[in-house]
Amino acid sequence: MKVGIIGASGYTGLELLRILANRPHTEVSFVTSRQDAGAPLTKFFPSLAGHPQYDRLKMEKPEDLADRADIIFLATQHGVAMNLASSLLESGARLIDLSADFRLKSAEVFNHWYEEHKAPHLLAESVYGLPELYRQQIARARLVANPGCYPTSLILALAPLLRLNLVDLSRPLIADSKSGVTGAGRGLARSNTFCEVQENFKAYKVVGHRHTPEIVQELSFLAGQPVTLSFTPHLLPINRGILSTIYVSLNQPVSVSAFRAIYLDFYANDPYVRIRPEGYAPETADVRGTNFCDLGFFPESSTGLWKIISVIDNICRGASGQAVANLNLMTGCPEDLGLTGLALRP
Amino acid sequence: MKVGIIGASGYTGLELLRILANRPHTEVSFVTSRQDAGAPLTKFFPSLAGHPQYDRLKMEKPEDLADRADIIFLATQHGVAMNLASSLLESGARLIDLSADFRLKSAEVFNHWYEEHKAPHLLAESVYGLPELYRQQIARARLVANPGCYPTSLILALAPLLRLNLVDLSRPLIADSKSGVTGAGRGLARSNTFCEVQENFKAYKVVGHRHTPEIVQELSFLAGQPVTLSFTPHLLPINRGILSTIYVSLNQPVSVSAFRAIYLDFYANDPYVRIRPEGYAPETADVRGTNFCDLGFFPESSTGLWKIISVIDNICRGASGQAVANLNLMTGCPEDLGLTGLALRP
Amino acid sequence: MKVGIIGASGYTGLELLRILANRPHTEVSFVTSRQDAGAPLTKFFPSLAGHPQYDRLKMEKPEDLADRADIIFLATQHGVAMNLASSLLESGARLIDLSADFRLKSAEVFNHWYEEHKAPHLLAESVYGLPELYRQQIARARLVANPGCYPTSLILALAPLLRLNLVDLSRPLIADSKSGVTGAGRGLARSNTFCEVQENFKAYKVVGHRHTPEIVQELSFLAGQPVTLSFTPHLLPINRGILSTIYVSLNQPVSVSAFRAIYLDFYANDPYVRIRPEGYAPETADVRGTNFCDLGFFPESSTGLWKIISVIDNICRGASGQAVANLNLMTGCPEDLGLTGLALRP
Amino acid sequence: MKVGIIGASGYTGLELLRILANRPHTEVSFVTSRQDAGAPLTKFFPSLAGHPQYDRLKMEKPEDLADRADIIFLATQHGVAMNLASSLLESGARLIDLSADFRLKSAEVFNHWYEEHKAPHLLAESVYGLPELYRQQIARARLVANPGCYPTSLILALAPLLRLNLVDLSRPLIADSKSGVTGAGRGLARSNTFCEVQENFKAYKVVGHRHTPEIVQELSFLAGQPVTLSFTPHLLPINRGILSTIYVSLNQPVSVSAFRAIYLDFYANDPYVRIRPEGYAPETADVRGTNFCDLGFFPESSTGLWKIISVIDNICRGASGQAVANLNLMTGCPEDLGLTGLALRP
C-alpha cells in the first residue's frame, strides 16, 4: 500500500514516519514540505536515517500528487487541508487530515473559531476519526478528520458516562488538561523555547481554547443534548503527553466497581483503552510513544464528585498514531497494525 | 539576632540557610540533624560554601539548645515538633514550625489525618503563619505554625472572595494543583527519582491529601461557614513551583475590573501578593526563589465559572521564605527583610 | 522460542520486556525478582499492561528455572550472575549476562576493580557481546557478556582506527562521556533523585570508573598493544542517552573523506552503526529507544586532533537492545529482529 | 548611582535587572530595546513586577542617552556596541560591554572571527573584565569588555598553572565544555526550542567556536607564550550553568595538596572562586544564580593527566553578574556588592 504525507516537516509528520517505518507492507511514496522542497528526508530528520525507504526520499512541493498514493495524510497547519481536499479526493485518494479543518460538523462554528471555511460541502461527509466511536464509518470514509489531542483525551474519558446518561449535566463539566510541548508544533515561538518552558509551568488560552467546540460537539453527540464544558489547557515541561483531570457529578450513586465495569464494557473490544486498577493514577510516561489512553477513576465522598484521569501521548494517540489506526480501519487491516509498541519508559 | 534550625538537612533547611545568608544582622547559631551530626555544614550542602558563618557551622544533635537562639525554626518531618515544642518554649525560645504539627486547631482532626497529637494544649496558642491573614497575631506569637505549600497557594487565592461572601458555597470549590518535586522533601523514595519524574506527569493522593483539612479550616474561617473543597495534587517535573487552577462559582455577577479591585484592595498592604494584569496567566518561573504569590483571574462566560490561577514557589513562599517573613514579623523587622530578591528566571 | 529474565525489576529488565514485546515468536516464560516475588508484572510496571503475555506473568523467586527457557537474560546487579551461571549453564540454558561479571578476561583485573570472582573458570569461555566485533563467536556462545554502556559507546567509536593502527598511542586517548540517569539503574540513591539532577550537571567518579578496564581491554585487543585511556563520566539530566566526545591524535595525516571511508567500510555490514554526514554532530535524541550508534568526525587543524562524537541510547544499545541483538545472533535470527524501530523524537 | 542598560530585552538584560534590583543605592535610569520600545518593563518581563523602580520603567529606543547614566551596560548582540561606544564614551559615560566587541586585542583576529571592526581604536583602551586578573585596570577603565561565558570558565581554571609555567604546552590543552541554553540568548532558533533540547544532548560548533580566540588570547597572556587549545562546546538541557572538563599535562610532578595550594594562594583575595575539597566534583547547581566559579582537581596516575573541573553560572558569572562585579570595581564599591546571594538549589 502506498501512502503520502503532505506537510511532513512538522512533528506530526515526523511521528507518522516513525510509526510507518515499522508498519508491514507500507510504502511512503512521497513527503512534501513547500518550504523545504528538495531536502533529503534524512537530512531534514536525521533520526530517520538508516531506513531504506526514507534514505531515498526527498521533500517535495505539494504538487502533482494524484495517483501517487492510496491514502494521503495531511499533516499541515489548520487552513491548508480545506483548500486541498476537494481536488485530492477527485483524484481518487482517500484522506486523513490531522488538522482541525474537517472536525467540526457546523461550518458556522468553524467560521467563528477559525476562519471562513473553504470546503464546507465536505463537512457532512467527513468522519471524525476516533476509532472507539466511529469505527464503521471510518472504514468506509473517503475523508477522515483526525481528532485533536485534547479532544481525544477528554472524549474517551467521558464517552461511557455520557452515553449512559449518568452525568449531571446541569453543571459544567470541568476539564483541567496539561500537555507536553509537542502539542504546540514545530514552529518557532518565544513561548516554546527551552528557557521559557524548562523549570516552568503555566496555563494558556485559559478561556476559549479552539479545541473547545470540537470537544463540546462530540460530548453533546454522546449525551444526546448540549453539554457545557469548562476546559483549561496548561503547558508541561515535557515533550510528549497529555494528562486531563476531569471533575464530574453523576446523577445517581454508582459504586467504584460498577463505574469501572461500565468502562470495561464500553471499551471491551478496543485495544488502546486501558482501564487502570482501582487507586492507580495514570501517568503520562506509561503511554509515551503509544496509542494507549489510560483511564483512572476516583470518587470523592466529601464532595460527591468523581475525578477521572485520562492520559495519552498527544503526538501519537493524539495525532499521528491515531491517524495510523484510522489508516488501518480504512484499509481493513488489524486496528493495531504497526501500533503494538509499549511505552518507552523511562 | 540569633536563630537556630532544627532539622537542617532537608530542602526547607537548605532554603532557610540560603535566605538567611543575606538577611542583615542574623546569626545562625546552630543547625541540627540527628542523622548527620558532626558533618560540616558546607560539606553537607556545598552550595553554602564561602559564607563566613556557614563555613564554621557543623550539624549538631538536637540537644542542649536552650539559650542558643532567640527564635528556632523547626524544619523537621511531621511528628517531631510536637514532641519538642513544650520544652523549647519553656527554655524561652520562640518557635516557627514548618511542619504540619501545629496548623490544625482541632486535635481530633489532627489525630484523624496524622497521628495522636502529643501537645494538643499548644494548638490554641499556635498562630497560623500566613502574614496576609494573621499579621498581628504572628507578631506576638511564641509558636507559629508555618502554612503548608498547597494551603498557601489556595488560601491566598480565595481569601478576598470568601471574606466578602461572594462565593456560591452550595457547590464544592475545585482546586487542581500542580507542584514541583521539592514539595516531597529530600527523603529517598522511588517516586521522586529522576527517571520516574522526568518526561512524566501524574496526579497523586488524588483523594484525601493531608493538606486538605488545613485548607478547609482556613477557608471556612474566612467564609464564616463550612467550605467544601475538592483538591487534587499533581507532580510536575520541575524542582520548584506550585500552580493551582481554581474553579469557583460566584453568587452574584462581578465584572473583571471589580474582581481585580477586590483583590487589589484586600492585598493593598501586602508586599508579596501580585495581582496580575487582565489576561496574563501567572507562571511558576515568575516567582522562583521568591516570596511572591501571583494571582490571575479569568471569567468564563460559557459556564459562568471563574478560574483563578495562583502560583508560588513551594519551598520559598510555601515554606522557608514564609518562615522568614514570620521571623520578620515576630521581631518587628520589615516584613520583606532578606526577601526582596526577584525571581531567578530563566 | 522461550526466554527468561532474572532480575527483571530494574530498568534493563523493563527495557528488555519493552523490546521483546514486539519480537516475533518470542515467549517470555518467566521474570524474577527476589524482592518482589509474587507481584503481577503489569502491576509492577504499569506501562507493560495490555500485552497478552505480560498480563499473565508474575515476578518469581529466581529458583527452579531449569528447562523453562532456551535463553536466559541476567539483568541483575554485578556479583549475582557469577554465582548463578554455572548451574544455569549445566541445566542447558544459554546465558546473556547484562552485568559486568563476565566482561573482563582476567580474573585478577576483575578482583581488583570489583570483588573476588566466583566463577573465574567461565571467563575464557564467555564472549564479549559486541556484535560488530564478535559476531561469529556470539552465534556459538553459551555465555555472552553483554558490554557496558560506556564501553559500547567508546569501542565502536575507536575500533576502525585502532585495528588499522592509525592512532598515535604514545599519548592517552581522552574520552569525555556524558550519560543519562538510567545508567545508574533503578536503585534508590540521593544522587539520582530528581531534585539533585534536574537543572544540574556534574562529573562523577572522575578518576577510576569501573568501566575503564573493560574499555581498555577491548581497545588493547583492537590495537594489538596496550592502550592508555583517560575516561571521565558525567551525569546528564536526561533519562536516556550517552554522548562521548573523544580526542585522538593520528599517527599520519588522513583526509576527512578517507576517515569516513574507513568507518563506512569497517561497518559496511552492520545495521546499527550510522556514520553521520560531514559536519553533522550526533545527538542523543536521534538514537533514543534504538540500537543505533551514531558517529561523527571532526578534524581540528589548529591542534592536529580529531574529535569523534559517539552517541547511543545507554539502556537500549548500551544494555537491553544489545542483549536482544545477541539473542538474535545466538538463535540464527536476523540481527535486527525486534530492533527496527526508529528513535522516539522528540 | 545611575546605570542604564542598552539592549535590555535579552536574558543578560533580565539577569542584570534581577541583580541590580537588590544592589543598594542603584538607580536604573533607562532600559532600551529598539524593537520593543514603549513596552512597560514589567509587562515585558513579568518576573520583575513589584519592584518600585521597575514598575515605572519603559523600554526606550537607544537614543538621547547622554547624561542619563554614570555607567552604561551594553547587553546587545555582537556588532552593536562597536558602533555605539565612541559616542557614548564622548558623552562621558563609562561602559561595560557584555558582547564580544571589545574582548579581542587584535582587530585582525576580530575581523577574522566576526566582521570588520568599527572601532578598532578602542581595542587598546578596553579592559578585559575578569576581576581576578585585571582588578586594577578595571577600576580605572572607561570601557570594560565583559568576558564571554566559556572564557570565564576556562581562564579561571587555568590561570594559576599558566602563570607559574607548570603546564606542558607542547600539547594542546583540551577543554570539553557543556553549557545551559541561556548561553544561546533569547532569540528564536529551532535549535533552542524545548522539543529539540529536552531529553537531548549534543555538541555544536565542534571546531572553531568564536570564543576560541578570546580564550587563547588570555591563556597566552598568562603563559607568556602562545597556547594551543582544543575547545568543544556542548548544549545541556538546563537553563543555566557551564561545566568545563579540562585535560592538562604538567611539566613537573605536583602533589594534590600542592596543586590545591597553588590555587588557594592565587585566589586568596577573590571572593568568588571556591577551591573545592579534594575529591569533590563541582556541580553547576552549586553556583546557580551566583558569581562563584567552583574548581576541582583530579590527578590521574594511569595517564599522567590532570583533570580540572570548573563550573559557573553562564548568565550570572559568565555575563551579568560579572558585569556587576565590574561595576563595583569601577565605582570603588565592595567587589561583591549585590552579589552575595548563595545558589538557588535545588
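The chains carry the letters A, B, C and D, assigned in the order they are written, with residues numbered from 1 in each.
To be clear about the criterion, a residue touches a chain if its C-beta (ideal position, glycine included) is under 8 Å from a C-beta of that chain, and two chains touch if they have at least 3 such contacts.
Small disclaimer: the values here were computed from a predicted structure and weren't measured.
> List the interface residue numbers of chain C and of chain D, divide the shared ones by all numbers used, and answer same when the ratio is over half, different when under half.
The interface is built from the same residue numbers on each side, given that over half of them are used by both copies.
> Taking each chain's centre as the mean of its C-alpha atoms, give the chain farthest from chain B.
Relative to chain B, the chain with the farthest C-alpha centre is C.
> Provide the C-alpha centroid distance between chain B and chain D, rounded to the nearest whole angstrom.
Whole-Å distance between the two chain centres: 36.
> Distance between chain C and chain D based on Cα centroids, please, to the nearest Å.
The answer is 39 Å.
> Compute the distance, rounded to whole Å, between the mean C-alpha positions of chain A and chain D.
Centres of chain A and chain D (C-alpha means) sit 45 Å apart.
> Residue numbers in chain C touching 2 or more other chains?
11, 182, 195-196, 198-199, 237-240, 283, 285, 288, 346 - these are the residues of chain C that touch more than one other chain.
> Given the complex with chain B, which residues does chain D contribute to the contact?
Within the complex, chain D touches chain B at residues 11, 14, 17-18, 21-22, 43, 45-51, 182, 198-199, 239-240, 271, 274, 276-277, 280, 283, 285-289, 292, 340-346.
> Of all residues in chain A, which touch chain D in the complex?
11, 181-182, 186, 188-190, 192-199, 237-239
> In the complex of these two chains, what residues of chain A are touching chain B?
171-172, 174, 176, 178, 195-196, 198-204, 206-207, 228-230, 232, 234, 236-241, 243, 245, 247, 281-285, 288, 296, 298-300, 302-305, 307, 309, 346
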